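This is the structure I want to talk about, given as structure tokens.
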Amino acid sequence: MADENDYAHWQDVTTRWNDNDQYGHLNNVVHHSIMDTVVNRWLIETGCLDPHGGDTAGLVKQVHCEYVAQAGFPDVVSVGLRVGELGNTSVRFEVGMYRSDGELFFTGHFVHAFVDRASEETVPIEGERRAKLEGLQLS
Amino acid sequence: MADENDYAHWQDVTTRWNDNDQYGHLNNVVHHSIMDTVVNRWLIETGCLDPHGGDTAGLVKQVHCEYVAQAGFPDVVSVGLRVGELGNTSVRFEVGMYRSDGELFFTGHFVHAFVDRASEETVPIEGERRAKLEGLQLS
Amino acid sequence: MADENDYAHWQDVTTRWNDNDQYGHLNNVVHHSIMDTVVNRWLIETGCLDPHGGDTAGLVKQVHCEYVAQAGFPDVVSVGLRVGELGNTSVRFEVGMYRSDGELFFTGHFVHAFVDRASEETVPIEGERRAKLEGLQLS
Amino acid sequence: MADENDYAHWQDVTTRWNDNDQYGHLNNVVHHSIMDTVVNRWLIETGCLDPHGGDTAGLVKQVHCEYVAQAGFPDVVSVGLRVGELGNTSVRFEVGMYRSDGELFFTGHFVHAFVDRASEETVPIEGERRAKLEGLQLS
């Protein structure tokens, strides 16, 4: 069952009819899309990322997905998010997904760097952005 | 602004990071996917369609989309649904989508038939299914 | 069967595993995505649209879809494209999709305007862009 | 540059307009969808999987993605596929993706088990299916 202490932040994501594949369950790609969504929504809503006008962009370096159980439309997915490792220039987000009945069906991680939009060079994670990301670490 | 009397049923749908296209707004395909989702979720939750074990399947005949304004991730979309025309063998669902700020950004319709899963022949809309669909008509 | 004279331009599009929905056929949203793709690819490859650096963007006003038969992964879809109506500020693209066995399974149209990216005002269709679009009209 | 000896099987996949995200490149989810597609198409075309009538289904256990460079619509992606590890009940597919200009932009793997559709129990990989998968191993 979902334990609210396992993650530092939670979001609900609605599933879509065409998320289900031919076997009647969420296609494995959908979990990845939900993970991408939850990370980016948190980044935007905390001001860590401004995809419209900001001078830095997020760049995904690595994604890892472990499928533990099945889920399917019309489930509303409860997604937990925490920061696992916070380096100088990249951050590892860790994600767990739970069905409406509370069962964990997916864990994954998502390694993100921030780059300067003009030069495409990596920029260090510091200041307000670093503080927000530290707030996603479990103590 | 959204008027709750314009539609008979409402659902909230969360947007996804990759729903936005290169111009920073919801790609036009996403509205179609949300319309498909809202219709199918209503059909499943009211018992009008059982995509796992049912002996009838839904078949989409026609879809029409009108784009009125822009929307974008991370908006939560408020979707209104009603039945516009209810024939012997097909039904026309009508949909309106509103942004978080209440502005209408999309209207569309979705014509659906029901078919026998084995024979793929159209089946008449009657009994409990017809009653439920009538309940989505505005009086 | 596909008649090469019905459309002025042809593209092949590969389908994806998760294009199929729970019924084992292309979900109705996928046809819309393929139509969007074929129009935009043609616009980019003919120089009518530069989504990276151009000062005009494409804006979709209306989409209409008619589903004539089923198709499914791993079909390669043969898509025909023509211009149906060419107004001062908008253009109506018409699309037909054929399965590998030559059967037409979808027709649709896609109404597109061009807008100035800074002001978001509609711009007239003229010059080189108009000439290219005229080249997609059937004589 | 792509070396045809690095992988045992190759497929071309067309990209779609809405594969590009707000930054103008393929969204990281799309690579995963392409990997899923190439594996399933190979399985279906070699007769290792029959998603319509077969009594076994594919079940994804783990997916891993490494993003090496950018790609974007309208690129046609050249995808290399090989089998890395072949266990009794699961197989690890390894994938590389190359842009039209020959540059590698993605590597990943995809761990797949086969399950009995009725019981949902894992089934051993043997006989014709095992022979086909062995044929995807580099010697």
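Labels for the chains are A, B, C and D, by order of writing; each one numbers its residues from 1.
Here is the rule we use: a residue touches a chain if its C-beta (ideal position, glycine included) is under 8 Å from a C-beta of that chain, and two chains touch if they have at least 3 such contacts.
Just so it is clear, the model here is predicted, and its values are computed rather than measured.
Return the chain pair with more inter-chain C-beta contacts, choosing between B-D and A-B.
Top pair by contacting C-beta pairs is A-B.
With centres defined as the mean of C-alpha atoms, identify the chain lying farthest from subunit A.
Relative to subunit A, the chain whose C-alpha centre sits farthest away is C.
Determine the centre-to-centre distance between subunit B and subunit C, using the mean Cα coordinates as centres, and give it in whole Å.
23
Roughly how far is subunit B from subunit D, going centre to centre by Cα mean, in whole Å?
Whole-Å distance between the two chain centres: 33.
Using the average of all C-alpha atoms in each chain as its centre, how far is it in Å between subunit A and subunit B?
28
Multi-chain contacts in subunit C: which residues touch at least two other chains?
17-18, 20, 22, 24, 27, 29, 33, 36, 51-52
Which positions of subunit B touch subunit A when the two form their complex?
12-18, 20, 24, 33-34, 36-37, 40-41, 44-45, 51-52, 73-74
Which subunit A residues qualify as touching subunit C in the complex?
Interface residues on the subunit A side: 17-18, 20-24, 27, 29-30.
State the interface residues of subunit A toward subunit D in the complex, per the touch definition above.
Answer in residue numbers: 22-23, 27-29, 32-33, 36, 51-52, 57, 59-67.
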